[in-house]
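Next, two complexes with chain A in common: one pairs it with chain B, the other with chain C.
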Partner chain A sequence: MLLRNQGLKVAIGPFNVRIHTHHQPLIKQLYMLYSHYRLVQDEIIEFHVRINTERSIRNPLRLNVRFLIDGQSPFESFPEEQALAVLEWGINLAIAVRVNHLLLLHSAVVEKKGAAILFPAWPGSGKTTLCTALCHRGFRLFSDEFGLMDYQRDVIYPIPRLMPLKNESIAVIRKLLPQAVIGQSIPNTHKGTVAHVRPPEESMRLSENTAKARWIIFPKWIVQAETQLEPIADAEAFMLLASNAFNYEVLGAHGFRAVEQLVAQCDCYTLTYSDLDEVTTALHQLIDES
Partner chain B sequence: MYRAMHWLSDNFHMLLVADWDGEYTVFQPDSGKTHFFNQMSMDMLSFLSQRPASTEEICDYLSRQSEQAPDKNFQDNIEKILYHFDALGLVKKEI
Partner chain C sequence: MNPDYRHHQTLLEALINPACLAHYTNAEWELLIRLARRVKLLGRLALLVKEYGLWECAPLRVTNQLTSALIQATKLRQSTLWELDRILWALEDFDTTIVALKGAAYALTGLPYAEGRLSVDLDLLIPADDLADIESLLKVKGWRHRSMSAYDEHYYRVWSHEIPPLVHAERETEVDIHHTLAPLTSRLKIDSGLLFANAQITSLAKVRLLCPVDMTLHCAINLFQNNELADDLRDLLDLHDLLFFLSRQDTDFWKLLIDRANQLKLGCILYYGLYFSQLIFKTPVPEGAADRLHAKPGNLKRRVMHRLVPLALFPQHPDRPMKRAALARWILYLRSHLIRMPLHILLPHLVYKTVRVIEAKSKAMMR
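On to the complex of A and B.
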């Protein structure tokens, strides 16, 4: 009812989002996957989004869905089966384009013992799969996609969102983590087959607890690679991190100082891996030894 | 009277510099770009912020700083860096 009428208003990390839709299959999926989000009452809403249905022009018998933010449609319509994926991409796009009061890194982030680990990486590096494994094995999920740094307070904000596994990683995670709550597989998207993992309840419950960054680890999944965690020079880490941020150039000198602050306070590594059990052990060890 | 072309740094005082043990990341507000410099590049900019200098003077200074012979190869490399810095707006020519 909420989704159809005034919209579902939920807190997603530091942002409040209002979602409207009449698309029944999407409502059912959101009921399962958004169940741990805090409902928002009388707070300011940053993002007003909507999934509308429409007839395909090419095939009028076919139903498409369209994402709208503040009444504007930033991309084309998609087959209705992809409604959840379209909603999630749309919210990500809104955050990536509109948030400029924080340093916005393209990074998975998890927390352990009060310290955040950033995994900055571009698509295809395996960060969502890695993040899914870690947050079901003793780490708290901040995000599989965004490192949100408040450079004035020197803290990282959690923004736990659904984690979109792609292609082979869906079966890998279903086998490795039978306890994970995973939505239905959505085939034939522009990223292949996608299935969304619900963030663990504990991560959602603590999603207002920020943390200071302590490690920056640049991950790369490589088939059959041994787990290797190699220290990286600070200047190189700086350049990699700056080039990874969505809004580094927009922030100008603030962005430079924010990245400097992060690199100065963190130990920086590159990580190659193929085995999720091994990498989880290696990261627990890294934290225990620090 | 003939005077060799001189170089000087352009708005060196405006640059934001992070020092990572002899490697530097530098933010240039004029262009909004961030650069990665080694010690010699930073020495060059710092030297040119004190006073204009000819290519020969710059080579002489940097060869002493880095304890390298100021041979033709060294001078060619320094000249390349100077023209690159000129293109980036970090140094300018004074004729």
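On to the complex of A and C.
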């Protein structure tokens, strides 16, 4: 009901988002996957988004969905089956384009023992899959997509969003984590087939507890690879991290100092792996032994 | 007040009377941020909140968004000025004069609030005779035109007052090179020679700025001749700033402005500029200043524009767009084309654009 009328207002990490839609299948999916977000009242909302349906011009029998932010449409419409993926993608894009009071790393982030572990990576390196596994096995989820660093206060904000597994990862995670709540598979998106994992309830509940970054690990999934954690030099980590941030250039001197600070206070590694059980054990060990 | 227009007031009060922000509720702040963002005034708002000492009492979710906008504005200004620097480097051995326009010009003049202005492109005016040389020099040094249809290319080359935008392969700032200030197809014939003759030097060799009255007139031309006015409140605020600050620097400003408008046959355009700047931003235009303009819009035109222009300039309410404003914007869109092109060019042009929009939409559907 909320989604149709005044909009569903939820706190997603440090941001408040208001979502409007009349699209029944999307309402159902959100009802399942968004159920643990804190509802927001009388607070300022940063992102006002909407998923509208419209008829295709060429094929009037087909319905398309369009993402709107503040009434503006930043990209084209998509087939209605993709509504959830379009909504999630649109919100991510809006965050990436608008937010400059934080350093935005393109990174998965989890937390253990009060310390944040960043996994900065490029699309296709398996960070969402890795992150899904970790946050169901003893780590708290911060985000599978954004490392949000408050460079004034030197803390990382959690921003638990649905985790979009792609293609083969969907079956892998269903098998590995039967307890995970996963939305329906959405075929034929621009990233192939996508299915969204709901963040564990505990991670959502604690999503206002920030942490300091302590580890930076650049992950890479490689077929058949042994699990290997290799320390890397600060200079190399700096360059990798700077080129990974969405808004490093926009931030200018702030960005430079933020990355410098992160590299100075973190142990930096590269990680190659293929087995999720093995890598989970290795990461627990790394943190427990420190 | 008519509740349909209440959001205009939420935005306008913040701009002309920032002290009132101390009493804004959360809901008003939220709406204000959305409106200001739509009309590219978030950076300006940030500066005003700071100037009036309200940063500490504004909600954190607001100041975070204002900080983000200021950082973006700073970056854009830096990119624009860096692009200008690179252009000068590319043209090092070529003897010419480059007039910086709009955002880059406001930054170089040190116009107040320039550091909050979001200017994405670098706009330059160069002598028409140097155009071909400059374009080919820049292309040799790494600038490229975006790919465009043969029609668009023709549009720029034959009818427009600028060449197709250039972007350097390694950067993102778009460079718009103008050889005059209004489309060749419009009835306005502005003698660029007169503009160059009065242009003022800057600390950068080769770079000139339009003299204060020409800079002001150019701002008015953009609004009431070249643009479609929808969501252009920022540009009217530019005009207000120019009128307000430049007139303080020179006691003869108003006289010079009116004389120059008459000389360049820009009477109607300046009339609208003064009228709406005064109407909306309460610009202190001396009484009777506009009376000396040789050309003025007729009574009927004035009344129609009075009704339509504010509906286009102010952003729509993001959740409750008004049909009336949409209609006003559509009429002004047609007007902007009518005054830019004669009918025999305009009608095929609008047909072409409409077909292309439909094509693009149906292509997206097929994906």
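Here, the second predicted complex is superposed on the first by the 290 of 290 C-alpha atoms of A that agree within 3 Å, B and C clash if a C-alpha of one lies under 4 Å from a C-alpha of the other, contacts with A are read in each partner's own complex, and residues count from 1 in each chain.
Keep in mind that, in the parts below, a contact is a pair of C-beta atoms (placed from the backbone, for glycine too) under 8 Å apart; a residue touches a chain by one contact, two chains touch by 3 or more.
Keep in mind it's a predicted model, so treat the numbers as computed, not measured.
Enquirer: After the overlay on chain A, what do you see for chain B versus chain C, clash or fit?
Expert: fit
Enquirer: Which of the two partners, first being chain B and second being chain C, lies in contact with A:K28: first, second, both, or neither?
Expert: Touch status of A:K28: no partner.
Enquirer: Figure out whether A:R205 sits in contact with chain B (first) or chain C (second), or with both, or with neither.
Expert: Neither chain B nor chain C is touched by A:R205.
Enquirer: Once the structures are superposed on A, label A:D234 by its partner contacts, choosing first (chain B), second (chain C), both or neither.
Expert: Only chain B is touched by A:D234; chain C is not.
Enquirer: According to the contact criterion defined above, which of chain B and chain C contacts more residues of chain A?
Expert: The partner that reaches more residues of chain A in the superposed model: C.
Enquirer: Go through the superposed model and pick first if A:E260 touches only chain B, second if only chain C, both, or neither.
Expert: First partner only, chain B.
Enquirer: Using the touch definition from the top, say if A:G252 reaches chain B (first), chain C (second), both or neither.
Expert: both
Enquirer: So if I take every C-alpha atom in chain B and every one in chain C after superposing, what is the smallest distance between them in Å?
Expert: 7 Å.
Enquirer: Once the two structures are superposed, pull the chain A residues common to the chain B and chain C interfaces.
Expert: 249, 252
Enquirer: Note which residues of chain A are touching chain C in the complex, please.
Expert: It comes out as residues 16, 42-46, 48, 56-59, 62, 64, 70-72, 76-78, 98-101, 249-252, 254.
Enquirer: Which stretch or stretches of chain A touch chain B in the complex?
Expert: Chain A residues touching chain B: 233-235, 238-239, 242, 248-249, 252-253, 256-257, 260, 263-264.
Enquirer: Could you list, by residue number, the parts of chain C that touch chain A in their complex?
Expert: My answer: residues 26, 29-30, 33-34, 37-38, 59, 61-62, 64-65, 67-69, 71-72, 74-75, 78, 316, 318-319, 321, 358, 361-362, 364-367.
Enquirer: Inside the complex, what are the residues of chain B that reach chain A?
Expert: 16, 18, 20-21, 23-25, 27, 29, 32, 34, 36
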